[in-house]
Amino acid sequence: MSIFKKLVAAAVGAVAFVSPAMAEELNLFAWSEYVPQTVLEGFQKETGIKVNYETYASNEEMLAKLLAGGGKYDLIQPSEYTIEALIADAKLEKLDHTKLPNLKNLDPAFAKMAHDPGNKYSCPWMSGTVGIVYNSEAVKTPIKGFKDVFNGSHAGKIVALDDGREIVSWVLGTQGRDINDMSDANLATVKPIMAGWLKQIKLFDSDSPKTALLAGDVDIGVVWSGEGAILLAKEPNKFKWVLPVEGTHRFIDSLAIPKGSTRVEAAHKFMNYILKPEVSKLISDEFPYTNPNVEARKLLDEAARTNAASYPPEGAKLGLFNDIGKRSSVIDELYTNLKSQ
Amino acid sequence: MVEFISVTKRWGSFTAVDDVSLKIRAGEFLTLLGPSGCGKTTMLRMISGFEHPTSGRVLLDGRDVTGDPPYRREVNQVFQSYALFPHLTVRENIEFGLKMKKVERDELRRRVDEAVRIVALAEYQRRRPHQLSGGQRQRVALARAIVNRPKVLLLDEPLSALDASLRHTMQIELKRLQAKLGITFVFVTHDQEEALTMSDRIAVINHGRVEQIDSVQDIYHRPRTRFVAEFIGKANVIDAAIVGGGVENVRVNVEAGLELDVCRDGAAVRGDRVRVAVRPEKINVTAHRPAGVNAFEVTVEEELFRGAIDELCVRTAGGTELTVLVANEGRMEAAVHRGDRVWCQIHPEDAVLIED
Amino acid sequence: MTPLADTAEPGGQRPGLWAWALLAPLLLWLFLLVIVPTAIMVAFSFCKRDALGQVVFEFTTENYARIADVQQAKGLLISAAVGLSAAAGVWGVRRRVGLSGSTWPMLTLLGLFWVTLNICVLLSGGEVDAARWLKITVVSINYAAAATAVCVALGYPVAYFIGRSPERWRNLLLMAVMVPFWTSFLVRTYAWVTILRRNGVLESLLSWTHLHDGPLDLYPSQTGVMIGLIYTYLPFMILPIYASVERLDNALVEAALDLGASPMRAFRGVVLPLTKPGIIAGVVLVFVPAVGMFAVNDILGGRQEMLIGNVIERQFTAARDKPFGSAMGMVLLMLFIATYALSMRRRSAAS
């Protein structure tokens, strides 16, 4: 008898659990450690739309799943060079700016980027850099750039992004070459140097490299600026942030609607929602990258606004990535081979 | 050849073998006979070394082997399930023991050939056990044991898996083999007929104790205890009281008006209440009063026709019931039937005093 | 012929409608989850890809050509030739000596082949591009083989102990072996990070008991990956070995002891050969998935080294080269099929 009751209760529960799914939903495919839960909840409260958040750790991984997913996703969060590629292949919905009045809150500079001038297809989420964060208690020699990190004295104590293109661009930077030039000549130069660097890296992690630094597994990280900013905020005396003197990658991650989405309307609503200054501030609070939303920046406290990792000084040597097309597979093979040496 | 000195084996509170002392002679065919769970297999396993006594000692050919593991004892066993190695051929099975003893190659070949010949398996040497019949497996198990020329060959109910006719053939084969090899055989069975057919001597085991160890004839004709009398063959066990005695015989009273002379045969007699065992076929039945002692008149209550013999249930005037086996050797009209009144006579030699 | 063969003759028992109905779920499962995916993989492996990484259905063999580039083919051919001739030589010698058991020549052959292959890879180590895929495959198989060997060494005694313990204990002990399956594999693997990392559970425990002080550097490391692989696959070794030990008639062990075999000899001569099917099943269950495993390497190895599983996985994710990934998957599949066919031939020849 009691078993029967339990079964009935379970069935009722299952129905109750399923029924909200009938309400409007939005499938967001975004970077891991990038979207605060509070924002998703606030959006649902305001609009009744439930957001399903699925994560990835690299643009390439996102592309692979997006292209295989067949219209499953309503919103994606690619970086500048991937936006460029997706626009070129007509994989993105054009944005309806009448539905995005909050775009006015953005720094006008973000509407002038080469990968999507005028933000026709993408709505900037956060910008950031790749930089060096180190534990000043363990590292006593001065760190100014990539060459200081990979000079051999820190071998086995480094965490780096698990991203072949990033590492290639760092090497190109130290050689004074264009970080977007993946010619054979450039790669031939990169190869031996990169081989030496990879051997010194203990841990490759794009998701949450701060964890290994906090746990003491490693002393130096070449990581996303947001990860660095969190470390600086947590232990300002211990961790130091450095923008490599050789120059580094500046990335812009934006929301975009992939072709095939059936919830374009809701996707616009979400974009407009996160452009609200108070909402955008919530994102910065949790993931302190460079916020393109100038109105939101005004709401941040002093410490956050002056966090060296979040807001790089004017005139820093930064470069955006371009789409490199099929060369990406050459980079990937190079990366794979060097890792398995 | 094998000697048990006050051997006891206990598992927790259960006593499997209870203070057994026993001598097995060199070259004899000794059977440990008893019902299942009586401890006979445990005794065998203490000889082979798979079990060790809780107390007491086991001697093998005069040497104390009480603590020795199986592989240091010069005995071999034929297992109830044969326990042939399924991954080896017949020949490899037989070679196994010699290889373990690192017997030199020519010698090994000679001895295996001989063993194979003895059990007549020459043409099956390359087969594997699962390709053989039950009887053939039995012979492989035998050959695998005897090729080692053990001092004692232990056989744990080796014939129980065979059908009746094959079992009969194998009984004879085993007996012949034992006579030929002259190895001491210790045979465990619960089948009294098998024990009688094959053994020189039988040790009847009950509740972990040896009830009686004697030659086959004595076990049958001179059982010491009620258990032996009833476990082996059939027996009439009659309650009686001693009323007089002689040198060879004692006189017992069975019931009012019926007294018998009974063979004394060294049995300990305590008090005057005794039990007398008489084999059913030892009671002679005649139509008229025979001459001599121990004759009395009975009524036939039941008659079971058994072909060569008749089994009769008879009752004495005082109500004692006896079972009698009568050979159907006379003419048909001479046969005895229900309700007939006939005479029975027991030779004093055939009536044995037994203990309970 | 055996009675089994008779039933297969025409006019004998053919599977009826009912039998087919009962088989249907299995056949459907096989079709949907084995045949269809394999067919897709075969098709993809002969296709091209576009800049974004979408499969373009245009016939090409370039994916296979990429795997078997000229340099590598040279190395492979040389090592194969050396390995095979050495193995054949040893086989011949053993035959003459009269030790032509069915198992050892094959194992020796494979072993020697493997050693020479490893030497070739080692020699080409300095060169980045020489024998790159082959090298990754060899390293992956080395990892899997080492993990399998340790699993046999650790798993056999455990399985033997469980199989020989009193019946009332057995289920409890088996349960203990299977308890880890109640938790997700990924969660368990991440738990190992907590155990192995600097100042983690293991280091704290060791310094607390004064057995060892200071960092062990187990996370991330190749040792960590090995520990993870062994931990993950040990139950898959224990269970089939247990099944064969449990089936082993104790009388056979007693018979061996009775025939003068010491416990060690009895183990080698009787227990080991009779539990071999369990070991082989365990080796297959551990080795094959261990070769393709990528998650353990990612989590505990810090993504330092790429194993063949990682490479293939990458083709379907980050590298967005499904055709190439499919081709590599096909090659690996062919390797397994060839090994399996070889072992089947050996077994049928032995019986």
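By letter and in written order, the chains are A, B and C; residue numbering begins at 1 in each of them.
Everything that follows uses one rule, which is that a residue touches a chain if its C-beta (ideal position, glycine included) is under 8 Å from a C-beta of that chain, and two chains touch if they have at least 3 such contacts.
Every value quoted in this text rests on a predicted model; they were computed, and no experiment measured them.
If the chains shown are joined wherever they touch, the resulting network is a simple chain of contacts running from one end to the other without closing.
Chain C has the C-alpha centroid lying closest to the overall centroid of all protein C-alpha atoms shown.
No other pair of chains shares as many C-beta contacts as A-C.
As a whole-number value, the distance joining the C-alpha centres of subunit B and subunit C reads 57 Å. Averaging C-alpha coordinates per chain places the centre of subunit A 90 Å away from that of subunit B. Subunit A and subunit C have centres, each the mean of its CA atoms, that are 37 Å apart. Residue positions of subunit A touching 2 or more other chains: there are none. Multi-chain contact residues, meaning those touching two or more other chains, do not occur anywhere in subunit C.
Subunit C contributes residues 249, 251-252, 254-262, 265-266, 269-270, 273-274 to its touches with subunit B in the complex. Those residues of subunit B whose C-beta lies close enough to touch subunit C in the complex are 48-50, 69-71, 75-77, 79-81, 83-87, 96-97, 100-101, 144-145, 148. Within the complex formed with subunit C, the residues of subunit A that make contact are 58, 60-61, 63-65, 67, 85-86, 89, 91, 156, 162, 191, 195, 201-205, 215-217, 325-326, 328-329, 332-333, 336-341. Subunit C meets subunit A in the complex at residues 49, 51-54, 125, 128-129, 132, 135-136, 139, 197-199, 217, 219-220, 302-306, 311, 314, 316-321, 324.
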